[in-house]
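One chain, subunit A, appears in both complexes that follow, with subunit B as partner in the first and subunit C in the second.
What follows is the complex of A and B.
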């Protein structure tokens, strides 16, 4: 009887510990989200370099305008010439893709690939890790020069691009690496963010490296993955007119 | 006697009747060719569509208010339909309609549809597909996936390779699973180009669909009318206490029913193969209409040609007719000689035309037509198969012969009315 009581106490203690840990790590994720989100407008020039083994490298340059508080963003493609004027607009909870050739807007999803790269449309929006994921496991690990918390995350909704994630969060509360998994645990993609740049009191990655675990090509007997490098330049917190976050703006600049 | 005279006249006057004979033969050949082609196209299309949709009749369960396809009553439906005695097989299907992709060696191909099926039951039906590598008979024991040749070639995959399937689960999350490639089939039509088939149980572990079944396929026994069978299936399902739409023969009607959204729970839609093929069927019906139009034009030409020729023939053979009448041959017999001649012409022309049409069909069936855009759905092994219904061919021949007899009737009657004395004086 005494043993049973001890065991019950231990179980209860473990459960309480787990709840406390869950709350602690949720708070950690909230800090991570807050550090890379903006209260006002944020704009920058992104360069997406896509490397397809055996095919070649393509470069897409885009202008990004984000208003995180209102969950709005606009991406305007500047280069290459063939895609110039294309745009993505997130307003009222919907993500639109604008094609200047057909002058048409079509619905798209944040889970879709961005311009056939290894980036998802959701990679360009604000981070919502604390909102979208629950913590399934944690451990301490050294990642290069960074001491990190490694958190195993499980999505709590169906809107996210990947149902499972493992994130490496350095002690300065920035995500340094993440691995995206399918529901069955298949590694889909690895992301690395070695350096950040400070914009005001927030942070923006300098470069984001994405490696696709499934897509690539075997060359000389060695599998080479598709890779994407996203570089962020000219970050700014200057206010952006409301009219930028509109279909009319995309139509105007797409002409 | 009259028939023999008519036959002798036909043989003797080869030159005069040669042109008419050639016209009838050519016309009949064209009709045979078009009829054989459209028949073959229909057979090929329906065969492919049957594998794709799961038989002659498809039953889809529509759940509301949370809309999704599901069949929670599969055992009851299978038992009820089998008891009707019209079906050979009633099979479950679990379809992933969009968002499914297959990966191999770093290459990815999106699939229009990934279909989960019970291979233990359905594999003999898949054996009729054009397999270029592997066979479907091992699927029942081993699980796995079969891919189209187009997909396998683009992936660079061979039978035995591990194929990764990526799909969106029922809950909307990405899920992956590894399947062994068991077979590669050739089907460049819209039913096969980007379609993959795998074990329904294995697929359900990825889709996490509540029942794993989205459709039920009903393979009817040979000779059973699908429309009548569908009505029986509907009646028996209603007797089981299930909600069922009226039987659907057209896809647009199906869309209207679905849009009503006036039910809660699962309501079943019963679609015949014709409903699935509604748009394509229009195209085939158009080919058939062109065939009948050509047959009509051809009949008019034959009628006018024979009528005019026989007027000249009667005029030229007035003395011969007079002689026949003078030696005692009666008017009906004279008329019969000319009608027999026309009938003989029709029969001979039809037979020659049929042979010519068959030869043309054989030549067309030997040509690789895979390069013709939009034609792939009608091809088998990249070639057009032909299919002629004996009853239709016989009907065509009867129409041609009747047209010949009708056309010859008036000239034959005027020949029969010639007075022997007048004829011999002319």
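What follows is the complex of A and C.
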């Protein structure tokens, strides 16, 4: 009887420990989210370099305006010439795509890839790891020069791009690497952010490297993954007029 | 095949008939690869391993930019030019009536032709509040320039954006059936549009004039005036627009767009009221699905129009496009248009590929059935006709863009 009581106590203790750990890591994720999200406006020029093995490399340059607090963003394609003027406007759950040739908007809830690259539209919005994911596992690991917490995350809703993630969070509360998985556990892509740039009291990646685990081409008997590099330049926290986050503005600045 | 709107059957050959309408509102259009566009270095890193993090530069404090992205957009550009020149050779062969029980050459006919066209566009943004944009086209044999677009923009204190001149306006959600686009006349005349930038709420006023509506100067009662408003709630957008012309009557369109299980769903309801005839109405419902891996696009629409509309009755249009087959440059697709009233229509399977830089080859196998054996293909606004029920049409186009 005494053994049973001891076992029950141990189980209860372990459960409490797990809850405490869950809460601690949730707090860590909240810190991570806060460091890369913006209460006011954020604007920058992004360059998306996409390498498709056997095909070539394409470059897309875009202007990004984000107001995370109001769940808004506007993206305007600046290059290449063939896509110039195309735009994305997102307000809460509503997403509009602007086609400057037909001068028309498509309203969609698409969560698909951005400009057919390895980036998702969600990569350009605020980080909501603490809100969208629960912690399924944790360990300490060295990632190059960074001492990291490695967290296994499980999505708690269907709105996210990836149902499972593994993230490497350095001790300065920044995500340095992540692996995105399907529900069945298939690795879909790997992301690396070796260096950040500090803007005000927030952080923005200098370069984001994405390696697609599924898309690529077999060349000389070896599978070569599609890769994307996203560079962020001219980051600014200067206020942006409300009128920028509108369909009319996309028509104004479009091609 | 005259029962269907020309703009509906105005499909480019086979697959290129699918491309424009499926790609025009593309959720994830492909970026231009370097072989045909800008030279670009590879992203550099081939794998993500510890070395990338061992050698990573330290985090930095971002330099304060001398000008923000918004400044650069608003600053204006004195003059930018762009354009294209294309030459197309086309061959067609087929049967006026498919000789199911006759000789293979019974009713066989063949032809060919070509076209040479160019577009020249300019964009002037002298400051952040004004802009002039023009796009002119010319075609062999007369090479008379035609102003496809020529308009002036004015930003009134970021409260109202004005656009005046010849411009493309678009209402409604239809990709195949465009009854809801009540403002399409703007492309053959001139219009003033005033748009109000108010976040999720869209509001715009339009006034349209077409030279074909009158002789001499336009009287006020000749001009069409309208208002379009739309608002989004979550993943559903509602739009309501109306257009009134004193000498003609009023038109209204209500549009709903939403998404479910990855499909974009939409519908238009159109009502026309006139002093000279009974109210006319049309409605359509459609869907669009875009799958990335593999790249498949699927679209379909059902349309009903009352007798006062062009091509009244029930009709459907369906299209599927498979892009970059097997990682190649080959796209393949099928488009089917069918009119239930006359039990006739057209099926157009086809392929498109880019075998060499700046060269596109399109192969279409259109098949018409029903009462009126004429195949329509080519430019959406001005389709070409093939007098038969089955054909092979091959077009080779060389395009230079600058």
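Everything that follows uses one rule, which is that the second predicted complex is superposed on the first by the 250 of 255 C-alpha atoms of A that agree within 3 Å, B and C clash if a C-alpha of one lies under 4 Å from a C-alpha of the other, contacts with A are read in each partner's own complex, and residues count from 1 in each chain.
The rule we apply is simple: contacts are C-beta pairs under 8 Å (C-beta built on N, C-alpha and C of every residue); 3 or more make two chains touch, one makes a residue touch a chain.
Not measured: the values here are computed from a predicted model.
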Looking at the superposed three-chain arrangement on subunit A, would you call subunit B and subunit C a clash or a fit?
clash
For A:163, is the partner it touches subunit B (first), subunit C (second), both, or none of the two (neither)?
first
Identify the partner contact of A:155: answer first if only subunit B is touched, second if only subunit C is, both if each is, neither if none is.
first
Chosen between subunit B and subunit C, the partner touching more subunit A residues is C
Between subunit B (first) and subunit C (second), which, if any, makes contact with A:183: first, second, both or neither?
first
Looking at A:92, would you say it contacts subunit B, subunit C, both, or neither? Reply first, second, both or neither.
second
Just checking: does A:240 make contact with subunit B only, subunit C only, both, or neither of them? Give me first, second, both or neither.
second
In the superposed arrangement, which partner chain does A:217 touch: subunit B (first), subunit C (second), both, or neither?
both
Select, from 112-120, 238-246 or 346-354, the region of subunit C that bumps into subunit B once both structures are placed on the shared chain.
346-354
Contact residues of subunit A, present in both the subunit B and the subunit C interface:
214-215, 217
Seen from subunit A, its contact residues with subunit C in the complex are 43-45, 48-52, 54-60, 63-65, 72, 76, 79-83, 86, 91-94, 97, 99, 101-104, 106-110, 112-117, 142-146, 172, 174, 176-177, 190-192, 194-199, 203-204, 206, 209, 211, 214-215, 217, 227-229, 234-236, 238, 240-249, 251-253, 255
Give every residue of subunit B touching subunit A within the complex, in rising order.
103, 105-108, 164, 166, 169, 171-177, 206, 208
Complex interface listing, subunit C residues touching subunit A
24-35, 37-38, 40-48, 50-62, 64-65, 67-70, 72-73, 82, 123, 131, 153, 155, 158-159, 161, 163, 167-170, 195-200, 202, 204, 232-235, 237, 257-259, 262, 264, 266, 290, 292-293, 327, 401
The subunit A residues in contact with subunit B across the complex are 53, 111, 155, 158-163, 182-184, 186, 188, 214-218, 223-226
